[in-house]
Amino acid sequence: MSDVPTPHSRRQFFGKLAQGAVAFGAAPGAVFSATNPFAYDVSRFGRTDPAMIGWEEISRRTTPLPEARRIAIGAGNIVHVAAGSEIVRWKTDGALPSLKAGAMVTCLALPRDELVFAGLRDRIVSFDTEGRARVIWQAENDGSWFSGLAVSEHDIWIADSGLRVIWHCDRAGKVLGRVGQKDRERDRAGLVVPSPFLDVRLHPDGLLRVNNPGRHRVEAYTPEGDLEFTWGKPTAAVPGFCGCCNPIALAILPDGRIVTAEKGLPRVKVYASDGTFESVVAGTETFAENVRRCGNASDCTRGGLDVAVDSEGRIHILDRVTGEVRVMRPKARA
Amino acid sequence: MKPGVDPEPRGRRHFLRGGARLMALTGLAGVAGRLAPRTSAQTSVWQIDPLKCVHCSNCATECVLKQSAVKCVHAFAMCGYCELCTGYFEPEPNALTTAAENQLCPTNAIKRTYVEDPYYEYEIDEALCIGCAKCVEGCSRFGNGSMFLQIRHDRCLNCNECAIARSCPAEAISRVPVGHPYRLKTGGH
Amino acid sequence: MAHRAWLLLLFAAAALGAESRFPPPDFEGGHQVPVPTTPAARALTLEYLDVVVLVAALGLATWLVYRSRSRRGITWLSLFSLGYFGFYRRGCVCAIGAIQNIAFGAFEPGYAIPLTVLAFFVAPLVVALFFGRTFCAAVCPHGALQDLVLVKPLKVPSWLEHGLGVLPFFFVGAGVIFAATGSAFLICRYDPFVPLFRLTGSVGLLGLGAAFLVIGTVIGRPYCRFFCPYGALLRLASLAAKWRVRVTPDTCTQCRLCEHSCPYGAMREPSGGAAAAESPPIERRRLTLLLLVLPVLIGLGALAGYQLAPAAARLHPTVALAEFHLRNQASPTKYPAMTPEALSLERAAADPETLIASAKRVRQRITLASWLLGAWVGLVIGAKLIALSVRVTRTDFEPDRGGCVACARCFLSCPNERVRRGLPVEALPAAAAAEPAVAAVAADAK
């Protein structure tokens, strides 16, 4: 015979049970432990000894468009930033109309004669004073990826990351030669470029400066392609080049000193023209946002920094992640 | 008397029961019908979106399986084949050799083989990989990001509620149709 | 003109394809760059085969209970189900968990319920609406496992049986609510037997499973009777079933030999003169009182649900992250780099406004859901009390419609059934003759 339970005690019983059930279930679903035995932590390399820093920031400005990739300074110290498929321009007192390239701009060069040269991954275009683009040279081979450009009075030097070579053309687009190729007979190891960051610069001493990221060094070539000397060592410590492939960008100061930019541990440094380490322009700890977003992003090939030098010897640093451009000048000697 | 035949006389209870049964069947049909546009012929499996992953190492510890079903996958076509691979070597290795002290991987799951100067190939041994994402972090921070984690479906039990998915700080794990069970990185600039 | 359009398209296509990837090094020795392997998941045809096996097993179980009336057949089928749905399929996807998928799919636009899961949910219910809980008998691997470990069933006191019997209804409500709001699949998370099927799991869950098995040796089917949320639905469906499991299709002679043959406390006695002890007015009064109390119970339950809403909301990952972020802003803690906590906080700090806004929306939904869950709990309690007050007229010993899991153990304890099947009546199974009094009655019946 089933006896009828009294409502009162049953309700209490069930109520308590319900509360307990929800409380049990409401225990945090994911219990974190605040430890990560598999943490990859390079923060100890991100601190720069203040004694090494020889430059200070004057100003900072954010690129109005996303996907900022390259920076170059033109005549009159007009800052050009390649962002997406446009080249944004500004002077200290205001912005100028941007140049529309129609395709992703991967490198920039501004010779003294006010023309703008840009690389659009596999071709070189030049912009006239009205902003119209004209194709100077289309790459002949598949796989070209132009990531660096240097233009002098008569020559164009194109750093092709895809084919791991520096092209030498004249201003009309005729190929004159190649620099930096692998050459077994002449015991040249060639350029090792794991990601599109090959860069080329013209140095006042007449030699080209090319970064060889996979070998963590800067190489000096004659225009004919002879390797003169190299410098640089792979180390996460400040005087060397960190990670797997650095430096990713070069700039030359008016007196011939070389400015390098790195990714992974983003930092900008100045070396003497023979490669002796001189000072840090901006240390890793000043690029916290770059480190944070690059670390969480799926890869670092959209990270890192680019550098350019203006006629007064100031260094402009483009943060490729945040789009900020900082202007740095040497610290006053105490 | 035939087995299974209900000898209960056709009374009010019987009528009510029949009515309840009809309502239940209609209700089930209604539920099924309303959900019909929201069904899929394919079942779904779990997969990590490598573009959202933050390399927190929960994949190694949260899977219901003792050895996690998450393994590192190497997209060789994105790799730079660097001699100093930051996904393979500790940040400041003593030497660029396969010695354990120089390696990032806690289980020696990455095999480094020489291809030609100066290129080396790095291959993941899935039997040893625990899915801790240490190499993924190293590769993503300094390199091309060609190493990334994926749930391997020859190991995954396909739980209805993935234990790793619910502990993922980036909410990077979600359901994908069983016909396309991987989210591989292909690279692209 | 068309020519140029085609060329343009070709160039565009080439450009699009070429845009994709920075090329790997050009190996002099012709080294081939390997391709990552992609081992396939379980074939879709096998998933559909599971549904076929399910339907076949349901059909066979029903036939075994109603036509063949064979306990041995049920046992063998249970073993098969334990092996197939349990250890081979590792208990997933199962009908019990499918409730959550249905609830989730009904409210989450981004989730498409696989047809196999829908079939797993619907098939046993449809069968139960006609034939009772034959799914529980021999198809559900959880039930099969508990059935197998049963050694010496003890009788659970009636008040406890009825008291705990409302728990499955709470769990189905909670399971549906938490799945519908996208917070958690609680039924899966706290399933005691699936870690055993997987042969791997956390210490806590494996221990819970072991505890259920140990208790299951003396209390029959503890999970089925007191916890299984799908069992609650099957119980309701079974109440409306067209056919019911009977100890024997023959006449019941009230010999009481089957009284203790059910290890799950589902055997009901005929309502004789003793039941009529309470005069109708008292019972009608109690029933009226309970009907009036019902809305109060629902209201109180809803209030209780509202109180528990914040805790319930915390189960949802978005709300948990938002709360973690706000807590950390109030009293900042520095977590070591690369820990999940630090990374979660970084993700929250990237866009806190959106996170907090969506957490607020989720919390509102969960608060509403908690009202409903609380009201449901109140309704279940009230319904149970009303059900206990309603008098059921029974002339024979018969299994309870909702509680009988069709395990076929009671058949052979009935002498009429044995006669009908041509089996010897003297050899009664030991489990049925648990008490000396019954043995004496058995001696009389011969």
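Each chain gets a letter, A, B and C, in the order it is written, and its residues are counted from 1.
In this text, contacts are C-beta pairs under 8 Å (C-beta built on N, C-alpha and C of every residue); 3 or more make two chains touch, one makes a residue touch a chain.
The structure displayed is predicted, hence computed values, not measured ones.
More C-beta pairs in contact connect the chains of B-C than those of the other pair, out of A-C and B-C. Innermost chain of the displayed assembly, by C-alpha centre distance to the whole-protein C-alpha centre, is B.
Between chain A and chain B, the centres computed from C-alpha atoms are 33 Å apart. Note on chain placement: the centre of chain A and the centre of chain C lie 56 Å apart, centres being C-alpha means. If you average the CA atoms of chain B and of chain C, the two centres end up 26 Å from each other. For chain B, residues that reach two or more other chains under the stated contact definition are 54-58, 78-81, 119, 137, 144, 166-167, 170, 189. Listed for chain C are residues 19, 22, 25, 28, 184, 189, 317, 338-341, 343-344, 346-347, each touching two or more other chains.
For chain A, residues touching at least two other chains, in rising order: 29-30, 32, 36, 39-40, 104, 192, 194-196, 296, 301.
On the side of chain B, the complex with chain C involves touching residues 1-7, 17-18, 20-21, 24-25, 28, 31-32, 34-35, 38-45, 54-58, 64-66, 73-81, 115-116, 119, 121, 123, 137, 144, 152-154, 156-161, 166-167, 169-171, 175, 178-179, 181-182, 184, 186-189. Those residues of chain A whose C-beta lies close enough to touch chain B in the complex are 29-30, 32, 36-40, 42, 45, 104, 189, 192-196, 214-216, 234-237, 242-245, 263-264, 294-302. Residues of chain C touching chain B in their complex: 19-22, 24-25, 27-29, 31, 33-36, 38-42, 44, 47, 66-67, 69, 90, 92-93, 97, 100-102, 105-106, 109, 111-118, 122, 125-126, 129-130, 184-185, 188-189, 195, 198, 200-202, 236-237, 239-244, 246, 249-250, 317, 338-341, 343-344, 346-347.
Residue ranges of chain C in contact with chain A, taken from their complex: 18-19, 22-23, 25-26, 28, 158-159, 162-163, 166-167, 170-171, 174, 178, 184, 186, 189-190, 269, 274-275, 286, 290, 293, 297, 304, 308, 311-312, 314-315, 317, 320, 335-341, 343-344, 346-347, 377, 381, 385, 388-389.
Listed in rising order, the residues of chain A touching chain C in the complex are 1-5, 7, 10-11, 13-15, 17-19, 21-23, 25-26, 28-30, 32-36, 39-41, 43, 104, 121-122, 142-143, 145, 161-164, 182, 192, 194-196, 292, 296, 301.
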